[in-house]
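Next up is a structure, given as structure tokens.
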Amino acid sequence: MPEVVIPIGPHHPALKEPVNFRIIADGEKIVRLELDLSYNHRGVEKAAEQRDFIRVLPLLERVCGICSHSHATAFAKGIEEIMQIGIPPRARYIRTIIAELERMHSHLLWLGVAAHLIGFDTLFMWTWRDREAVQDTLEEMSGNRVHYNINEIGGVRCDLTPSQVNAALARLPLLEERVNTYVDMVNSEETLLIRFRGVGRLSKEEALRYGTVGPTARASGIDYDTRKDDPYLAYSEAPWNVVTDSNGDVFGRTRVRVRELQESLKIVRFCLENLPEGPIRVPAPKNAPKGEILSRYEAPRGELAHFIRTNGTDRVERIDIRTPTLANWTSVAMCLVNRNIADIPVIVAAIDPCLSCTSRITLVDNQTQKAGVIGFDELIRRYRSRNPEEV
Amino acid sequence: MAVPAAGLSRRLMNWARAKSPWITVFNSGACNACDIEIIACLMPRFDIERFGILVVGSPRHADILIVTGHVTLKQASRLRRVWEQMPEPKYVIAMGACGASGGVFHGLYHMMDCVDNVIPVDVYVAGCPPRPDEIINAVVTCLDLLKEDAARGGKEWRKKAVPVSGTDTQPGGVIP
Amino acid sequence: MTGPLTPDRLAETMKAYGVIEQVRKNRIRITTAPDKVHDTIRTVQVMFGFDRLITISAADNGRSLELIYHLTGPHRMVVSIAVELERAQPAMPTTTDILPPAGIYERQIHDLFGIVFTGNPHMKRIMLNEDWPADEYPLRKDWKPDPDTFYGGIKGERS
Amino acid sequence: MTDPVSGLIYVFIFPGFLFLFIYALFLAFLDRKIAARMQQRVGPPFFQPFADFIKVLGKEVIDPAGVDRVVFDAAPLVALAAVMTAFLYVPVTGNSPLAFQGDLVVVLYLLSLPTLVLFLLGWLSRNIFSAIGGIRAVTQLFIYEVPFFLALLTPALMAGTWSVSEIVLWQQKNLWFVFLQPIGFIVALVGLQAKLERRPFDIPEAETEIVAGPWTELTGRRLAVMDLTIDLSLVVGSALVAALFLGGPLIPWAIAPAWLEGIIGFLLFLIKTLAVLLILSSIKVATGRIRIDQLNDIGWKYIAGASIVQVGIVLVMNYLWVYA
């Protein structure tokens, strides 16, 4: 039966980034969905092969605006492991602080955008107002609000002066108190509950089967967290625990992200309080020996995997970036089928898609039913033929 | 203008256009750092609603189109279609280094480097990503351009300038 | 398999499938032939509980195209199954039936490297834009963008 | 109406169209300002709605392909005219001279015209988003219209008349209806919020799902007129609720000079409409948007149920109080 095809995107207010959905919907219910990404495909991997280790880091930072530090640290960590050079403890702590601050600003950003998508603008304004505190700390430490560019092969570019550490510590109590209000707001706010509960539910087996990562997987009870599975930087020393939730739907993902905010605050406070002394950089050799590594990093949206292969020169022979959002796209498609159109932005936002990282492809839904684009007369005929109470 | 009322109504229109610029954001393949900085403008700290700036969803309602990011090949035709949907007097702001020259992604195989290849751009904003106050400053410069265009009747005065081919010492440019 | 999974126990059972090397504390790399990949993954999934595919990475080392499947499981070990395909006609049986997310990565690799995955139900082009020439694979080492073919975007105005 | 001049002034200048236009823009500004202040933002300057209206008026008008231009131009004007005439029957300074038996029904009918026009616009603009927006607008109309009418008709039942001005007179003698029928007042407010398609019920215009719903293809003067209509119906709606439930512009004891009483009545009218607006704005800020099917069961289960209970209570009170 031909349904109406609703093209959402690439320019659509709900999606902050260009993704194109062709929703085949029957009235308000979604029947099939074809997702077409890669409006952001820029050929970053080809470019990375022509740049040496100094110039490739700024390029990799700009793969995605929100998780820029993740890409740079994953790459730097991989190259340092191939070169077998250990970075000084102070550099490890500074990288962890910036990583957790980025996770906080990314989760606050997501909480605001999710609330905005269901029209709840007050929470949107509040969360983003508190995010400014995190942005100020990041700007003091690295000089820029978004692309921090603090990594270098062999350590960190700039040091943390005691005044910066104290300023950051001064901001933490306010953030902790605000995050606690968001925790119980998410559990009690009426409209959030109505719109989030039971939407886009993923059972634990489904989540595993579709290869979901990060908060989306942890909301269905899977306790994969690369910071615990494959400890790197200072995560093995800081006291924190993996946050999981049982009810697998958008509401569960919101709870996981908000409680992860609390964990990040604990890590940042721990790292700031006992920041070890010592150098922040180790002189790294110009060329990396021949080798190959899969560098895994826990980005705010999930597990980020950089496959790096070097061939003895000062350039990378191949870098394959698999971003967390790319892993989550299959689960989105499977959740969206026979849901409401009004839920599309909420479900899509629930995996917190970062399309700039993704810039890859996915095709969804193996139903072979043929659906063509129908004109208006068809729409009117179909609308009139259907009985009114089904509207 | 023989009739003083016509002058008055034109002044009133210019005042109204300057006081309520509605913007819409188009992400043409950017790393969405610029997008989150634009949203940061809406927030209590920078709050652009006090200048009357409103972010609207549909290009039909917008005056200023803010294009973030360089234009990927796939986005080029879509960007052009969105630009054509906007009603006159419309202005384009190209955001950040990517909008101006493709930034760090200049010359990659899936890119049309800068926004100027696809649609005429009125204001460029420097920075990667530009700070929210720079974005507000860009909108304000756009409004000054709007007043200037209204005074000189349309955008032709900007194009009439004779382009000088660049010599090795003095770069090419446009003499207004 | 009783008891916690140790790298060497995994290594000696998988010896039948290919060359084993110990990359790192809990990482094993197995190099096998293209047709044996499917049942290597199947045994690793069933016998050792590697239930999650991290990624499929592809690389072009000048003379041949390589595919590496990275899998992990609740025991937090990572196994990488590497395969080498010749450059002229790179073809691989698909693994989407046992690894649903593989559908995504195979489509991407097909667009950028030209490796054909036989049996993948949705082999459509989405990676590059609509009017990108069909036989050009940008991420291969020997590919150079020649200026006269039209790769997409707005006709004629490409800077 | 005794002499035509004061009649014309009544219709066009003071409590008529000019005042309505200015007051609507002021209420629109106040609404955005309250919402902004509650979100710790500074909020727009006082002339913002006026500047928006003039600017949108001056924009180029684009007719989407295959759209019937004439109807596309006429529809917003029909909505505007309907809402403006509705305002004439709402008492502003003392009871309105144009009042007649049954003007309450006329006002309610005229107030529900903009939603039908929105549906028509959505349908006409041949754009998939606006078609869905139009369907949602009409669906929402079915849901809130019945309880909203019931809630507004119960004061008429108790006062025994069908004219808004006489209801106001009746309340002058005895208690306001907000105390006599609290449930009706709440249902009326919720219905008004739904009629004006404001935050919890702005499903047709859901900016993040279907671009701008029926508004997507409106540009230039059509958009300006439709925006103005929505602002006007905000004024008319809150004035109606203020008149029916909060006693309107009359004070219980009469003061000697007529013009002083008129001024005090006008001030009362302003205060009461601002009070209603404050309630509506805080509802708008405190809630997110609910889905159309959720609105369906909330609407029919709770809101309709409450208004039927209210009608029952009024009938019982009528029987006991009036005939006992």
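Chains: A, B, C and D, in written order; residue numbering restarts at 1 for each.
By definition in this document, a residue touches a chain if its C-beta (ideal position, glycine included) is under 8 Å from a C-beta of that chain, and two chains touch if they have at least 3 such contacts.
Computed from a predicted structure; not experimentally measured.
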Chain whose Cα centroid lies nearest the overall Cα centroid: A
Taking each chain's C-alpha mean as its centre, the one farthest from chain A: D
Distance from chain B to chain A - Cα centre to Cα centre, in angstrom: 29
Inter-chain centre distance, chain C versus chain D - centres from mean C-alpha coordinates, in Å: 62
Whole-Å gap between the CA centroids of chain A and chain C: 23
Distance between the centres, which are taken as Cα means, of chain D and chain A, whole angstrom: 44
Residues of chain B touching at least two other chains: 43-44, 57-58, 72, 74, 109-110
For chain A, residues that touch 2 or more chains besides their own: 12-13, 38, 41, 43, 46, 125, 129
Per-residue overlap in chain C, given as positions that touch at least 2 other chains: 128, 138
Every chain pair meeting the contact rule: A-B, A-C, A-D, B-C, B-D
Chain B contact footprint on chain A (complex, rising order): 10-13, 16-18, 38-44, 46-47, 58-59, 62-66, 68, 109, 113, 125, 128-129, 132, 135, 145-147, 354-356
In the complex with chain C, residue positions of chain B that touch it: 71-74, 76-77, 80, 109-110, 112-114, 117-118
For the chain B and chain D complex, residues of the former touching the latter: 12-13, 15-17, 19-20, 43-44, 47, 49-50, 52, 54, 56-58, 60-61, 63, 85, 87-89
Parts of chain D lying in touch with chain A, wherever the complex brings them together: 38-41, 126, 128-129, 131-132, 135, 139, 199-200, 202-203, 206-211, 285-294
Chain C residues within the chain B interface of the complex: 128-130, 132, 138, 145, 151-154, 157-159
